[in-house]
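Each chain carries a letter (A, B and C) given by its place in the written order, and its residues are counted from 1.
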Amino acid sequence: MAFAEPKEAFPGQVVPVTIGSEIQETFGGENTLPFHKFEGSVPNRPLIAYEIQDVPPEDWPETVRKVYEGVSDDPVKWARYCEDELKARSIALRLVGTHPDSKNLSADDAATVVKGVLDAVKVPIIIMGSNHVEKDAEVLPRVAEVAKGRNCIIGKAQEKNYKTIAAAAMANDHKLIAMSELDINLSKQLNILLTQMGFSREKIITDPMCSALGYGLEYTYSVMERIRLAALAQNDEVMQPPMLGDVGMYVWKIKETQAPEDVLPEWGSLEERGILWEAMTATSLMLAGAELLIMRHPRAVEYTERFIDELM
Amino acid sequence: MALTGVEIFKLLPKTNCKKCGFPTCLAFAMKLAQRQASLDACPDVSEEAKKILGEASAPPIRPITFGTGDKAVKMGEETVLFRHEKKFVNPNAFVLEIKDTEDDATVDSKLNDVLTSEINRVGQLLRIDGICITNESGDAGKLQSLAERIAQKAPEVAVMVNTENPDAADAALKPFSGKNPILYGITEANAEKMVEIAKANKAIAGIKAQGLEAAAALTEKVKGLGLEDIVIDSGARTASEILEHNTYIRRAALKKNFKPLGYPVINFVQRDEPMYEALVAGLGVCKYASIVVMSSAEKWKNLALFTLRQNIYTDPQVPMQVEQKIYKIGEPTPDSPLLITTNFSLTYFIVSGEVENSKVPAYLAVMDCEGLSVLTAWAAGKFTGSKIANFIKESGIENEIKHRELIIPGYVAILSGAIEEKLEGWKVTVGPREANALPAFLRQKVA
Amino acid sequence: MLIIGEKLSIIAKRVREAMMSRDKGPIQEIARKQYEAGAGMIDANIGPAEDGGEELMEWMVTTIQEAVPLPVCLDTTNYAAIEAGLKVHNNDHGIAMINSTSNDPERFPMLELAAKYNCLIIGLTVGKGGLPADEEERAAIAAEIMARAMEYGVPLENLYLDPLVLQIATTQDQAIKVIRAVEMFQQLNDPPMKTVVGLSNISNGCPKHIRPILNKYYFLMLERVGLTAAIADPVEMKEAMEEKELFEKVLQGQEIDDKEKMRVMKKTIDVIMGNTLYAHSYLEM
């Protein structure tokens, strides 16, 4: 029996998205399954953004907090550190301090932080709210304005607040993260609603909601695979935006990245465990289709980049 | 082509004699169609039917067992390319490589890593499943003494012997004869001799090829020499080769019914750094490897890989369940609110996430309802007044909290009366229907 | 096709209140309406009914049969409540049905009742823990239920196999598998096994205005492969039967005059068959 490579070609294609102004990065654009260069075109590598925030990261565990000691008290210093020292290709600024239960910073406060960060660095910026539905609808339009001209990604728009946030992204020429909670059908629905209000599907990044290794990773993994198959095999246009894996936030709050080795000796080194946990969550989701990743630990980023090198 | 249950049924004796352990021939036929039973179980099936069924029921990826005893690893029998379609069947084995050039101390420390690797995660015992002994030295004697050392110190662990030298293979396989070892290193050049040795030791043939075409030719050759239990190394070493070869092999076997590649796959992922090696091993886990050979087995690395394998091989049809108990979110005090929900893990992840978001410390009672969501569990009679009351009473939460108020999901508001009746002295409060309304609800509650 | 009217369910607020206050008015009105629309049986869903289930089921059966000359489908997990309902059931109006047994040992006793009272019974093709992945698994469970039924002395013609319709909004791939299961179940015996579905679950969780559309067309797709009975809204099913010919044409790829209807049918067929991904706004795309 002669062997013939069972190649598969798909009618659909993932939308390529370019962000940034002076320095630009493009991700997405493939017409095949993740890293299937052997049967399709994969023009861009996934993009990893370093996560920083507007207030000091007090709830980050030691392993990752200590990396940013001396810079994380000031988002501008922090952003510079990522760009200059860590050679970040992109930076994701999360405005957690605006959450009513955190510092409840105002939209104006947020705008000042965003302006400071934008002035300090050149790489493309992702600006995210605190995931508080109402507060985000207040804060994100204001910061979208401040960031006009920088071709950022703002988010996250959810079913309950997408109108205001999408309108602001549209008016100020930004890309938008559309998030739904681990439900492929609701994810499609949100993208439909966005396109129905005139928001271009070419400016959407789908966030099907991340989960950490061991904490529901298989759900995110399968939702991503299904979204990608709908985009490629069914040529479903609203499912063709690239996908986000918001990895760091989910990984650095679970037990495996926090429990010390003297309490759980059978789990081995806490430092290595935490870093691997973040890197492996990221690489697994990339294999399922994520093209944009938000991460925290520089070593996790480094290993993930190396993994991408070997696949590209 | 696989036959349907009804087609198989037509070939059975139709006497419903129950000798197969199933109540009827039809029930047996249905299980056969799903490959959950073996035709041998029916003593009365005709020779002709056996022939037809034997061919039709051979799975597209051959089932093979590596090792023996409790810790034997089943491989093969996969039916899909994507885990959402149907469960990935047999989780891959993780195998640690030990070379015959390594000193005794290194060998012993690696052996120790394997023997102490077992951990319990969500009710499953997970471990490094096997050892690959590699004839790095090229010397048959050295491989033999390593084999003997391992057979003596780790008699229960599945072993794969890695050499292209028939003399070394013969010597090193002996201690594992009959224990379903793998003889890896069978090439076009040495196949005749190596297959003889493998057969003599009841070993699985591990073929070593360069490329898929060569691999297909070699499995055919080995099969022709009389050995059908085969595992394939296609020569893929880089991540992109592994992804390409593993994908093509799985697709060829499942979609094209291409028998020469219908065998489990071995991936060698050794790298200089353990952390990086773990990521490439993870590629093997996600993308169709049956055996992943690594150069180290640190505990932190094992934990991440075992967890990934468990996640990927979870049955998407059986909702993942979380353990029944009262979970503490934040640092609750005796006055903190108590909520209840079912143990469907997605429900649990979302509800606990929203309680966390609320920043209100709370107790979350998670009740075993076989992983069903709230409404389904209620309709199935598993989330009912008396069952909830029992669970709360037996949980011991009454000793931990001062109040006696239970918050139930809005979807089962109907249960509040029944619970209050059976849980004396308790007040039931109906919470929101959707989890995302929980933060506002809880904040208002404690305000 | 036997339509089992689904409207008397404890999940509906109005029905629940009437059940709790034993107010015959709304129950009988709803039963009558379903009878007039062509229902051949009335489902009485009283929920798990842990407390007072027996008395409630008795009351439901008599209340319904006072109003309409139909048999009742007794729908609860409470064994004693089923038995109480069967005892008072008026068989002059037809044979009662038990909803349901399954492959979960907890539900086997229902077969005992079906044998004892010589009534019909629904066999839900699910086991303990986990939903069946596809039609093959459903058929395997069906075969076990059939064997169990014979063991208990329930004639196979009294057994209605139910493949368990799931929500298209969350488990779209199951829609087509259920259709295939209905085809497959019939082959499990000669004469063919009877089949039943809880139809409206297909559109559970969908926006209100598209629920009847999904219900009707899903019903027609099941009907054409030989479904025996459906627990459904008889008014919707009557409308569905009126559209049957047009639907068949669209399914065969032919044109029909009403272009809007054709569009809706086509999109709905695509969603049911899994050709396009479901979203609440699928009709608007």
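Heads up, the rule we're going with is that a contact is a pair of C-beta atoms (placed from the backbone, for glycine too) under 8 Å apart; a residue touches a chain by one contact, two chains touch by 3 or more.
Please read all numbers here as calculations on a predicted model, not as lab measurements.
Enquirer: Chain touch graph shape: choose line, ring, star, complete or other and state it.
Expert: Here the contact pattern is complete, since every chain touches every other one.
Enquirer: Using each chain's Cα centroid, which is most distant from the centroid of chain A?
Expert: The chain lying farthest from chain A is C.
Enquirer: Taking the mean of all protein CA atoms as the centre, name the chain whose own CA mean is closest to it.
Expert: B
Enquirer: When the C-alpha atoms of chain B and chain C are each averaged to a single point, how far apart are the two points in Å?
Expert: Averaging C-alpha atoms per chain gives centres 36 Å apart.
Enquirer: Provide the C-alpha centroid distance between chain A and chain C, rounded to the nearest whole angstrom.
Expert: That gives a centre separation of 44 Å.
Enquirer: Using mean C-alpha positions as chain centres, tell me how far chain A is from chain B in Å, no decimals.
Expert: It comes to 29 Å between the two C-alpha centres.
Enquirer: Give the list of chain B residues in touch with chain A in this complex.
Expert: Of all residues in chain B, those touching chain A are 82-84, 119, 121, 212-213, 216, 220, 238-240, 243-244, 247-248, 251-252, 255-256, 258-261, 274-276, 278-280, 282-283, 286-287, 298-305, 307-308, 310-312, 314, 316, 320, 345-346, 349-350, 357-359, 436.
Enquirer: For a test of understanding, state which residues of chain A touch chain B in their complex under the given definition.
Expert: 1, 3, 5-6, 8, 35-38, 101, 131, 133, 160, 181-182, 211, 213-219, 221-222, 225-226, 229, 256, 265-270, 272-273, 275-277, 279-280, 283-284, 287-288, 299, 303-304, 306-307, 310-312
Enquirer: Which positions of chain B touch chain C when the two form their complex?
Expert: Those in contact with chain C are residues 4-6, 22-24, 26-27, 29-31, 33-34, 36, 86-87, 315, 317-319, 370-371, 378-381, 384-386, 414, 418, 421.
Enquirer: Give every residue of chain C touching chain A within the complex, in rising order.
Expert: 169-170, 172, 275-281, 284-285
Enquirer: Which of the residues in chain C end up touching chain B in this complex?
Expert: The touching residues are 10, 16, 47-48, 50-51, 77-78, 106, 128-134, 136-137, 139-140, 142-144, 146-148, 150-151, 184, 187-188.
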